[in-house]
Amino acid sequence: MTWEEVDAAVARGAGIILVAAATEQHGPHLPLGTDSIIGTELALEVARGLDLVVAPTLTYGYRSRPLSGGGQRFPGTTSVRATTLIAVVSDILREFERHGFRKIVLLAHHMENQHLLYEAAFEVVGPTATNETRVMIIECPYPPGPLIEDEPTVRPPAVGLDHASVLETSLMLHLRPELVHEDRFVDDPMITDPGYDLLPIPDGFTAASGVLSGSRGASEQIGERAFDAAVQHVRAMIASEFFANSD
Amino acid sequence: MTWEEVDAAVARGAGIILVAAATEQHGPHLPLGTDSIIGTELALEVARGLDLVVAPTLTYGYRSRPLSGGGQRFPGTTSVRATTLIAVVSDILREFERHGFRKIVLLAHHMENQHLLYEAAFEVVGPTATNETRVMIIECPYPPGPLIEDEPTVRPPAVGLDHASVLETSLMLHLRPELVHEDRFVDDPMITDPGYDLLPIPDGFTAASGVLSGSRGASEQIGERAFDAAVQHVRAMIASEFFANSD
Amino acid sequence: MTWEEVDAAVARGAGIILVAAATEQHGPHLPLGTDSIIGTELALEVARGLDLVVAPTLTYGYRSRPLSGGGQRFPGTTSVRATTLIAVVSDILREFERHGFRKIVLLAHHMENQHLLYEAAFEVVGPTATNETRVMIIECPYPPGPLIEDEPTVRPPAVGLDHASVLETSLMLHLRPELVHEDRFVDDPMITDPGYDLLPIPDGFTAASGVLSGSRGASEQIGERAFDAAVQHVRAMIASEFFANSD
Amino acid sequence: MTWEEVDAAVARGAGIILVAAATEQHGPHLPLGTDSIIGTELALEVARGLDLVVAPTLTYGYRSRPLSGGGQRFPGTTSVRATTLIAVVSDILREFERHGFRKIVLLAHHMENQHLLYEAAFEVVGPTATNETRVMIIECPYPPGPLIEDEPTVRPPAVGLDHASVLETSLMLHLRPELVHEDRFVDDPMITDPGYDLLPIPDGFTAASGVLSGSRGASEQIGERAFDAAVQHVRAMIASEFFANSD
Amino acid sequence: MTWEEVDAAVARGAGIILVAAATEQHGPHLPLGTDSIIGTELALEVARGLDLVVAPTLTYGYRSRPLSGGGQRFPGTTSVRATTLIAVVSDILREFERHGFRKIVLLAHHMENQHLLYEAAFEVVGPTATNETRVMIIECPYPPGPLIEDEPTVRPPAVGLDHASVLETSLMLHLRPELVHEDRFVDDPMITDPGYDLLPIPDGFTAASGVLSGSRGASEQIGERAFDAAVQHVRAMIASEFFANSD
Amino acid sequence: MTWEEVDAAVARGAGIILVAAATEQHGPHLPLGTDSIIGTELALEVARGLDLVVAPTLTYGYRSRPLSGGGQRFPGTTSVRATTLIAVVSDILREFERHGFRKIVLLAHHMENQHLLYEAAFEVVGPTATNETRVMIIECPYPPGPLIEDEPTVRPPAVGLDHASVLETSLMLHLRPELVHEDRFVDDPMITDPGYDLLPIPDGFTAASGVLSGSRGASEQIGERAFDAAVQHVRAMIASEFFANSD
């Protein structure tokens, strides 16, 4: 997209979506960029049905938590501090405002970014309207509950310890099969959430493989259906608030 | 406690617990200090069974979110920025370390403090052990699932939109009945989580009363049993990691 | 107080007072919370005569200085950095403004908070009026000179090395006698101010007991009269600026 | 790349390269991602000859300057503050250190990132060696002087006002011809550098098209040769310091 | 001084002194640089008797307070935020440490810099010794009480509202008579300290002239004697701690 | 200057200039204050022809880079972090705005301050006009190309490795001959710029003397002519934008 095309998009009232993802271990079989890839694909597909510009994805997210992403003891997981993420997102939001965008979507595909995207938006637009800019913060792209009718175990990672497991592996088999090492699938049992975190992270606190509840059972078919479910879910939320008469 | 008493506690290997609460609207019937009161009482009771110093509670927490606490449009809700909360908690942790404490518990009684307590601890002790200080981060003092066997609807606020509702109202009836205005109980239906947040906060986005799922049905009895359940839950977690041989 | 009560207070033009205290060693005979206790009691009593909401006291203050509070070598003294205190207070001031308060009092009961409360207020309201919010900064609640006519040695700690000494001990005997260990009174001579500070803090730079000028001579009677003197002093200042026609 | 592959790379002594680019207007004919695309392609090609991991490119860079990139009046140009960029890069460097990388390359493909990458590296590793980590900062990937022997006017943008002009347009024609709008080439004369900047940016201070010295004359052939020259230049610098015996 | 001369000074164990002054209104008769001039002259004279390098004076200090310097409503008064002053001083201290200096003196000639110099030193060297660096913080260069035996009213500004008054005017008459406008002396009565500050600064809160207690009575003779008294006072403090055997 | 004189200057529409210099090694023959001295003299001389107030020079600048100033391994070089310099300059700019100045010049005499002065100005006035304040940022006081017609080698330091070399040495011979040690001139060959920086700074990466291209050949005559050339260059830029009808 050129600057003139952005200008034209603003002029006709388009929105803009920014995905905040992560560079984080996803087990022995998925790439570090899993969150960025899924998040970006999701945004592109969601945008197809709406007048929505897709900004470059943030590939570095807030620190991985041991019980939801494996934590900061894995090589390759590359995170920024909370204050840094807030600074990056609020700077970018101010730029979107300067461009003239008034419908802005922040979409997290990394549950640890929770609250921090909200904070960045709060710093920029505040609690009460002072201009027309509105920011929608979507902290989880998946609807609550099972994603697929006849696959009740396919649930979003936000619910708990599903990381690099059936859902994400299936999504990657659908979106980037060439990046999935099916020969390295892990069959670990789901680890138990003790209800707390510990720092420094003790040995054995999280799954050694980085897969928090097993990846066996993942399939391209599950991935396709889960992806469609997420696209519909996100698109419906955005459309209802920002494009009520245009969808 | 005097400084010499702290010194003695450190010398015998005591731990210390810091509650991170909030000053936040809790409907027309509960005081702004609800989170601080419950959190402090909980810590004091938990400490009774363990060698644990209770530090002064943090009464100002991270911003209230519209769908879990009503958000920053209510008068009385008095919050600090994410960066401020991280700074406060990490400064205090460094002081605990300087005193000589090696078993530190951070207990949130305000779900929006999530990630931020973790971040503060991470900034101070890091992911891998460099000295003997260990920090346990408990983001929710309630066990998952129903708190009371025969009251399946009494669930922790972290699960969703239970704010100033049956659980918290019951706890306050148990702990500080004189601060509960029973004549102002609200019978609103539980509001629906749309799956996203919006800033500025639109009119009608959250319950006008500040009660997210109704407070009728609250009772001192439920409060007592829920309090006991939470105390047992928190005490067990701390004991298992920090006082394995002393409980 | 509920949020609706805050709303009503704002509507009728009430003010709000925030005490910035400390968690700091006060010798072998006084609790770490001495500054918070005295400061809070003072604010509550001052408020009785005025339409003034009392916000939760800040229990963690700026670093203790060796020659006015003993400094950061005592266990138990738990302080925050200057930048942190400024952030906390300015965040809270912005919330008070959002609630609608236009008469705000910052009251320090910890002399090291000096300048930092001023800075926080400056960051929020600035030097010249842009709206109607006014912030009064009281860095010392005690009038200059002797507090009690016939007890010329009872002077406020701001004058020098009176920390955990006759004034504060007497105040605590008046306000919280059960927290004062009279059997641990210290009779040290007043230490001499060399005119400078040294970091790292050398051994012997401050009183080993943490009592900078002796606590003997303290009494409940002195405490009561000093408390009354401080209440009158603070109330008069606030009334003269904020409630000129209502006192 | 999976985390295990990163771990293996560290174990065998690989280096890692991070490109700091920008999202910035590049005239009517080039996409906003021009700096990111060229920088990433460059790093991937450089890495082919060396044992070098390529980290995800930073797509948001420091503010565009009016006389080198058009400045912050163009829609689409999306920049972060200086403090933010320093925070992002230093956070990432600390993660690379934690992974075990000891040979780190920071490569700017956006001249405004100058000094800020150096600062980030300085904050992490300092001026004198304390461990084995070394950071190489390359602020311009192009050698000084003409890039191509018989095309003396093809010079790197760092020299002056060549932005979205012959060099960058040619590189994009070589790397991503489908993103170049040849029908929108601009033939503006090179604007004159007055020797200073002005804020707010006056009307007419920079080229209205965003092309600072004309894009006509750009060709795929020039792009290919310039790309090769830059690859050789960057690879030689890295090899000489980090892989002295392996090239 | 050249870098080799600094290196030699470090090698022989010299100390270094940094004056933190201000650019602040000093009435109609004294220049904005009064604090910087007096502070620098003082340091140079103190250093004459000791092996002490004088670093360039910090000419921008913390905000002027209305009751001690007139406050931020006067044109010409040019101050930095508290966080900025802490950052500047701690950066410089880290550089002094890197050079090898182990005896560092911070000297304030602007009472509003109080606590902030201490904070900067604390951030760098901490409360307990980890290396040999020691920092002496002198917040007021004048001894308590009258400076001159037979001139009991000549007292340091730290005591109260003496700003641009007899003491400072006399010092300038001694040090830089050509910068003193004797024809503009002000004879205002000393303003009364109400015991609090107000922001925004109300009209009439401080002396309109900027002279807080009158400058008449100032003379070169008083200036000379006060200067000598301050030099002796500061030199004695430094000598006693840092040059015990060399004075 | 007194505050009333500043007030009068503002009233008649004067501008103000702030020099951002450095305390940095300049070889064995020039003082650490070289940048501050030259920058200040330049500003004073430039101001002579224009209605321009000269603010106190910033004597501490951003970190010295190894290839343009020798870097942070020399004793005596005393620098601040990038974030600190931005904070200092933006605080001061806000004060200039408060005073009423609308024509502000930032002049760097230390090339490492590049971008950071721009950033500070951007933070204060932004890219588009909201009030009448204009900030001119001059990052190099020397015109491009040779400064003196018949001395083609006398070029500004911004071009490359000329630090403490012929240009700066000549300027100091002209402005402060008593501070130049002619007996310590260095005849080192110009060091080669490898195209990158390395941290930690390797031994031998920069000239051991701190003189990056030799000081022999410097003379008072060259200094005088170069100084005049710089004064004319800077004055012309300022006049053209700020005093178009008054020069």
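First chain written, first letter: the chains are A, B, C, D, E and F, and each begins at residue 1.
Methods note: contacts are C-beta pairs under 8 Å (C-beta built on N, C-alpha and C of every residue); 3 or more make two chains touch, one makes a residue touch a chain.
Because the structure is predicted, anything quoted here is derived from the model rather than measured.
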item	value
Shortest path length from chain C to chain E (each step joins two touching chains)	1
Greatest separation from chain B - chain, by CA centre	F
Cα superposition angle of chain B on its copy chain D, in degrees to the nearest 5	120
Chain pair repeating B-C, as identified from C-E, E-F or D-F when over half of the contact pairs by residue number coincide	E-F
Approximate Å spacing (C-alpha centroids) for the pair chain A, chain C	47
Distance from the mean Cα position of chain B to that of chain A, given in whole angstrom	27
Sites on chain E at which at least two other chains make contact	72, 81, 83, 98, 127
Category of the chain touch graph - line, ring, star, complete, other	ring
Starting from chain A, with chain D taken as the next chain, the full ring order	A, D, F, E, C, B
Complex contact set, residues of chain C against chain B	1-7, 10, 23, 25-33, 36, 55-60, 72, 74-81, 83-84, 87-88, 91-92, 95-96, 98-100, 181, 184, 210
Touching residues (chain side chain F, partner chain D) in the complex	62-63, 65, 71-73, 81-83, 86, 112, 114-116, 118-119, 121-123, 125-130, 134-140, 143-144, 193-201, 233, 237, 241
